[in-house]
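Please go over the structures that come below.
Each of the next two complexes has chain A plus one more chain, namely chain B in the first and chain C in the second.
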Partner chain A sequence: MRKFTSLLAVVVIASMLLTACPTPTVEPTPKPEEPTATPEVADYGKVAFISTQCVPVEEAEKMRNVILADFSGTTEFIPADYATFEDTVLAEVKAGKGTIDVIGALHGQFPTLLDANALQDLTPLLDKVKGRGIPDAYMELGKLGTDKQYFIPWMQATYIVAANKKALDYLPEGADPNALTWEQYRDWAKNIYEATGEKKVGFPVNGLIHRFLEGYIYPSYTGGMVTTFKSAEAVEMWKFIKDLWQYVHPQSMVYEFMQEPLMSEEVWVAWDHTARLINAFKERPDDFVALPAPSGPKGKGFMPVVVGLAIPVTAPNPEGAAALIEYLTRPETQITTLREVGFFPVIDVEYPDTIAAGIRAQGEAVSAQAAAADAIPAMLPVGLGPRSGEINKIYRDAFNGIVVDGKDIETVLEAEAQALQTLLNETGAPCWPPDPPSTGACQVK
Partner chain B sequence: MKQKTFSRRLIGRVLAYLLAILIALWILIPIYFITVAAFSPKDVIYSWPKSLLPQTISLETLLFFINAQYVLDSLWNSVKVALLTLVISLVIGAPAGYALARYIFPGKDAFRIIILSTRAFPIVILSIPLAVTFMQWGLYDKLISVALLHVAMALPTTILVTSSVFIGVSKELEEAATVFGCNRVQAFTRVALPLALPGLAASAIFTFVLSWNEVFAATILTIQNRTLPARMFVQLAASPIPFRFAGGFFILVPAVVFMFFIRRYLFSLWGITLK
Partner chain C sequence: MNLKRFNWEPYLLLLPSILYLALFFAWPMVQSFGLAFRTDDGQLTLAHMQRMFNDVGFTKALRNTVMLIIAIVPLQFILALIMALLMMERLRGSNMLVYIYSIPLAISDLAAGIIWFSIFTERGYLNSFLYSLGVIDKPFLFLNYQTKWPLVAIVLAEVWRATSIVFVVLVAGLQSIPRDYVEAAEVFGAGWFARVWRVILPLLRPSIQTALILRTILAVQVFAVVSAIAGRGMTVLANEAYLWYREYRNPHLAATYAMFILTISLITAFIYLRALRTKEEMIL
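Here is the complex of A and B:
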């Protein structure tokens, strides 16, 4: 008993000491200035940078230790899931007092913040990033439909196909790997299965499969994402997916990132986000090829992802924030970002030799995909605000119902279309590309 | 006849043990898998079919965690928040529990219900107003703010548990102490408190574990000074499986270690002595 009393006493004293001492804020040690950078030597002080991208632990560490290391000032990189990110920014704006200086988020995540008047007008910053070669279309996205600049494009990504070179031997006859159709993709999977007895094509069902449905297969087969959700073409498309699924690796149900099963050669061919394939290309560039996504009857549906940088109205260090945005859009930082976390530059850069061959190959596939004659760019859902996660669930539920549980296609589509329409009506979101523009909420046909 | 009661007893014992083993396995099997996976290299974790025994031991993912900039700081933050919560909730909760146990006052039963009703508020809907208020008070992103909210969440259990602990300590003993010359305070500190300590320790464990595991308040009230579970919650959700296992192991270990040291007091609450 006495022992416990003394233990309790220690605990009490220790916690008193803890409250007495101010908690030390941990800051990464600033690295020495890079001599070749712009002549300014100013220290911009502490800049807090919250981001919904580069959240996985490895990517976040690379942001802290490599990409942000040369900034003249100390940065605190705060990775956050979308809900926390939005709650935090909105709460700071409501309180009129903030800790966050820079916001990094997907293009579709900004409109809610703008509605809450949370974003600063960055038009004065344009001078600093002018001449870097950010495409006008991307700058236009940053205006969020207004005449002011609310975010500056930071980096981009998309989804492509990665293939082990061993798999190329089984390509269907006459097929060009850089211009495949989804039918050929299925035949490829079938050939591999028939020759090796193994299902070697994989999908990240536990990862970003909803983007495959929304941005790739739906536009490729139906020309739309939302309006064509339960169309006759969509029914055909689901029949095709079921057909393809016979040759897909059963472990696909648990894959989140395709790079690991690719590297362990559990699968040979995989579709995924470029940042989730990058390690395969980086570590074994000679073993893998990067291919543009296949096309369907309506064209090559693909989803470009644009990540932007913004400054909240409550930023305590707006000069530092502006300097950080300028730093992140410099060519050398953009190249480092590509090398470390696999997000592609938004500016015009020459890939130097320091960029691994595998990553350059990935970059070429990305360009080929975007520049394809039959390309159908599909944007991430816009205008759903805090409920943008729900649309993904609808597509995943449809997938689970039809492909996993084997339910009747029309019945599942009918039920999910209703959920989709309810979501669109309640948020009032107008159609976004590839669906044609609408007045009022987007309607499922 | 004797034989029959003996065998019936034996069956009863065997069943009790089987049940105990089942409950233990229910808890230990996931812990076992998390531990094995935390010490396995990435390719083993992804390999299929999975093996039940560790194949190769690797510290790769665990070392990544230990070396990651924020992990040790967050771990330290978690310890500080948990200890602060424990102390504040005992300092406030134990006297309230004592009062409930010893005195009869008007509205006593209503008071008990009101204490519990604070737990009925879903904290999720309070998130933004809560964060806004803390910001306006200048308490945002400070460990004390997380601790205060954890105290608010822990107090109902602390008060109710400590009141039942003090009910268990006979009032006559305190009265006897006053007869022998103690004043009220001395009677409490020298007689009632030592007898109640094991129970207080048990309630402290609940508080500590609650604070250690709590994610939501910690995520919404802090941005840079996050506790370990809050950091992990945000980052692991988007990380590959090997890191989730390593992170899970990292969160698990301190709680298990804490339990190990304090289990003696926990057992004594139930009248089991462990020497």
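Here is the complex of A and C:
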């Protein structure tokens, strides 16, 4: 009996603790006015929309309550990380019966789905989005190397540099913050360290640092991503990263989204995905500046990220799905999307004044980066199919070996180049930009 | 006739839990076994295992996991034993100790990791506290991956979070030891230490066994706390399994890691069962 009462007490205390936990403080989103139904169609019914983007709770809530609110129909927004997303869609296709109507995913996440015959041909939908001003290059990406349209570009993002204005005082002499070189970036970090005694430049090592390696520093220093993996330029590049790393905040290993350490001022300067920096710009637009990524000896490597919309073959409501795609690519929806979740429009739009200054600043940095004379756009790996995650491990392992563990650069590159070549051979992936096109599997030189 | 008298009742009562275990434990285990030792086309292979052993992350993860077990389990065991003995002294208000010690049990390991991260991070509670006392004039980087501090933080977090599991098992064991034995020892002049060493600990052996097996297996699987505090600065076996599944999208390698963790768990359980046998068990 005694034991029973003690057990009971434990349970009571536990449940008290659980209920005492504060409710999550999700930013209250202003409830939009009643959706004004478009005259043509009253209601498209229920449309289920799974997306690998806008997954964080706050962004998902913005999707549900603001961005999708005006759609004439009921939308069920399902945010999912890549693993869950892929498993769900492929399982539905395998079962021949689905619940998902619309897919929102990164350009690089579609080939696996196409391989599994999971995607509908959206060519008939082209009429609806024609004249919206989606760049041809992006539409071409949506064909996934075929002559059919498999996804319609939805929104875009990229990675840029965010800096606290306090850091600008420490810029190396004569450096233009909008046209930095990576060497100047290192000197900047060094100046800050020497003046303040603190390492205030950060990288999201627990986040998307593999994109920094693949799409920024490699193309900037070697002109390629894969073919130049262990080139002499790559060796120089790794020496440079090691040098830079002396002035990088040691807690970078834990950083997932750089907006948080930026806002707590643990770091002053950070490279990250625009959507992972946006809160800093939104909440304190006067404190931060958005800068295009620096350039290296070969140019300004950068990675444009294109998010597309597709319809799975098993969609129970294809009309609703097509209507939702049309809705999401309307200029007003694209502006709302930018304002709420920080993804940039894929269509030609003027930024109205309702867009916060911080976001406009980000947008300008994005455009400046893409339009730079020395720009080297690097695409996400596409031909690797279901194994596209493994390439990230190779770049990360090289980083861990060389920078974290301090191993010999050539030895690490030799071993990782072998792993990379094996992956390329096994998947037969041809080279993708910035590497020159290849016949057959891409070869590490 | 015999059949009629056969008592089905206990088996019927066991059936739901057996079904549950079969469906949610045995079946996935068989599946992951298949993933670990077969190629996509269903051929038997040791390639995944070979790849795991050759992977740069593997040695690090194994080393860190073992290091954490060695650092955490004995510390937790001694602490829990002291707490349990203290509790059995029936001091005023010692009953409250059970509740206080059990509080961390109600918190998920990830939440515990985040709590300790917010204590140790650069702008965290510990630095603010030290700063307000004037001990430091700028934040000290506890979570610098180049130092041993993240390890200290992880050990502290794990000790705080999971010592009570050991404690609860030991208290239950202590409660089942008849007071008479201890009192008899006392009458014969045994001091407190002698009573603990010669009477209580030997009688507590089955509970110690359970507690150690439980705790070590949980330590082999340690993941969320490490991930929250050290991020990519430190890896453990469960973290590698997670990364292979989530980030690198290779379920074969993830399953191979899971199988490896299972094997270590089985071996540790076996070692404990052998090492802590009671006299009667040794005859068998």
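Please note the rule applied: the second predicted complex is superposed on the first by the 405 of 445 C-alpha atoms of A that agree within 3 Å, B and C clash if a C-alpha of one lies under 4 Å from a C-alpha of the other, contacts with A are read in each partner's own complex, and residues count from 1 in each chain.
Criterion: a residue touches a chain if its C-beta (ideal position, glycine included) is under 8 Å from a C-beta of that chain, and two chains touch if they have at least 3 such contacts.
Model, not experiment: these values are computed from the prediction.
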Chain C versus chain B, contacts on chain A by residue: B
Chain B versus chain C as contact partner of A:Leu309, first or second or both or neither: neither
Which of chain B and chain C A:Ile103 touches, first, second, both or neither: neither
Which of chain B and chain C A:Met63 touches, first, second, both or neither: neither
Chain B versus chain C as contact partner of A:Met263, first or second or both or neither: first
Touching partner for A:Val248 - first (chain B), second (chain C), both, neither: neither
Chain B versus chain C as contact partner of A:Ala91, first or second or both or neither: first
Which of chain B and chain C A:Ala378 touches, first, second, both or neither: neither
Partner chain in contact with A:Val47 - chain B first, chain C second, else both or neither: neither
Chain B versus chain C as contact partner of A:Ala80, first or second or both or neither: first
Chain A positions touched by chain B in one structure and by chain C in the second: 14, 18, 81, 251, 256, 264, 266
Residue ranges of chain C touching chain A (in the complex, touch as defined): 56-57, 95, 98-99, 102-103, 105-107, 117, 121-123, 138, 141, 143-146, 172, 175, 229-233, 243, 245-250
Of chain B, residues touching chain A in the complex: 42-43, 46-48, 64-65, 68-70, 73, 77, 80, 83-84, 86-87, 127-128, 131-132, 135-136, 140-144, 194, 197-198, 201, 219-220, 223-225, 234-241, 243, 247, 265
Touch list for chain A against partner chain C, complex: 3, 6, 9-10, 13-14, 17-18, 81-83, 86, 197-198, 205-206, 250-251, 253-256, 264-266, 386-390, 392-393, 396-397, 400-401, 404
Of all residues in chain A, those that touch chain B in their complex: 1, 4-5, 8, 11-12, 14-16, 18-19, 23, 25-26, 28, 48, 50, 55-58, 60-61, 64-65, 76, 78-81, 84, 87-88, 90-92, 94-95, 97, 99-100, 251, 256-257, 260-261, 263-264, 266
